[in-house]
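Mind looking over this structure? Questions follow.
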């Protein structure tokens, strides 16, 4: 079964894509690393960012983390709060 | 020539002497160390204090500092501001 | 108390939240929008947050500070939206019995916020704009 | 601004004095009267100062902090007289471009005030009183 997942975008990633969320096709068993690769193919300028992390359900996730279709997924470019 | 000098007292030294200033006989060439000795003879309980410094004209003074009759002299028991 | 807000940060209210009879020391850190970055004149800043995650990451930081220093009170308020020069972007307040703990905890909280909390700022200059830290 | 006052310390006014366009960080330390010392319940405190010398010693401390860290603004206000639990005895405020300097300078100022400035406090308990630090 193929589904797709909506990825929340913030900061420079929102500027690069021109959107605050993008839909990414997702296969069963896809991992954070796969998602990042797919997004970087779709938006090559994401590779200009100093580092790019992924949060799954509001927690920083390893590239090994499996993503399920109900997860809330977000791209986290380098933070600069404070 | 003999004169006397008024010594300002604060904190525990004011409580021990019961006064906010005491007059101490002062000879020409008397030093801070002489003053302290004289005061401790007059008020033995001053020796109970952890440490006793002397300020001359608003500055911490060595025991060698010569006191003149026009100087503003104060006893400085251990500070505890803040 | 941990919050993200679009309203100006009110130091007096934060101070009230920090009061405790056992408190001998309160340290209050304010991160303020300054007029220059690397000699470029800043017009204003735009802050953006992934609110849900920012709150939970700030909660983790405060919990860890509590474990290390046993705080009596801790307030963290981060603002988002448009901020002008002189406005407060972040307030950290810590109350402890003794002062060393208040300083150490406040510093730990602000240092760690800057490393892990998903909040982003864009500096807007007269001739351009940049997401801080985003590119090498 | 350096002051000794018998009035309650007003944090909001101090904060106004700390504002500067180049300021990115403000650290504000408040020393507060707490309800206990070594498990003895404090009723209130009496602070006394050798005003003239206390001001000049605080001035020396602020000058040295300025030499070490290049402060944009610095406010030191010490209260004297009768202070109840929860009241602010001392406020140190420092504004700098970057936060490490604000923390370091604030801590230096309060640590040094406690060592050299001729101000004394007496703790009044329900069953006695003691000049803090005065006797071994």
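Just so it is clear, A, B, C and D label the chains in written order, and each chain counts residues from 1 on its own.
The definition used in the following text is that a contact is a pair of C-beta atoms (placed from the backbone, for glycine too) under 8 Å apart; a residue touches a chain by one contact, two chains touch by 3 or more.
From a predicted model like this one, the values you see are computed outputs, not experimental measurements.
Discounting subunit D, connectivity by touch gives the groups A, C | B. Per-chain Cα centroids separate subunit A from subunit B by 73 Å. Mean C-alpha positions place subunit B and subunit C at a centre distance of 49 Å. With centres defined as mean CA coordinates, subunit D is found 23 Å away from subunit C. Touching two or more other chains at once are residues 31, 110 of subunit D. Residue positions of subunit B touching 2 or more other chains: there are none. Which chains touch which is summed up as A-C, B-D, C-D. Within the complex, the subunit A residues that touch subunit C are 8, 10-12, 14-15, 48-50, 55, 58-60, 74, 76-82. Subunit D meets subunit C in the complex at residues 11-12, 15, 19, 21-36, 85-86, 95, 97, 99, 102-103, 106-107, 110.
Of all residues in subunit D, only 31, 47-50, 52-54, 56, 78, 89-90, 110, 113-122, 131-136 touch subunit B in the complex they form.
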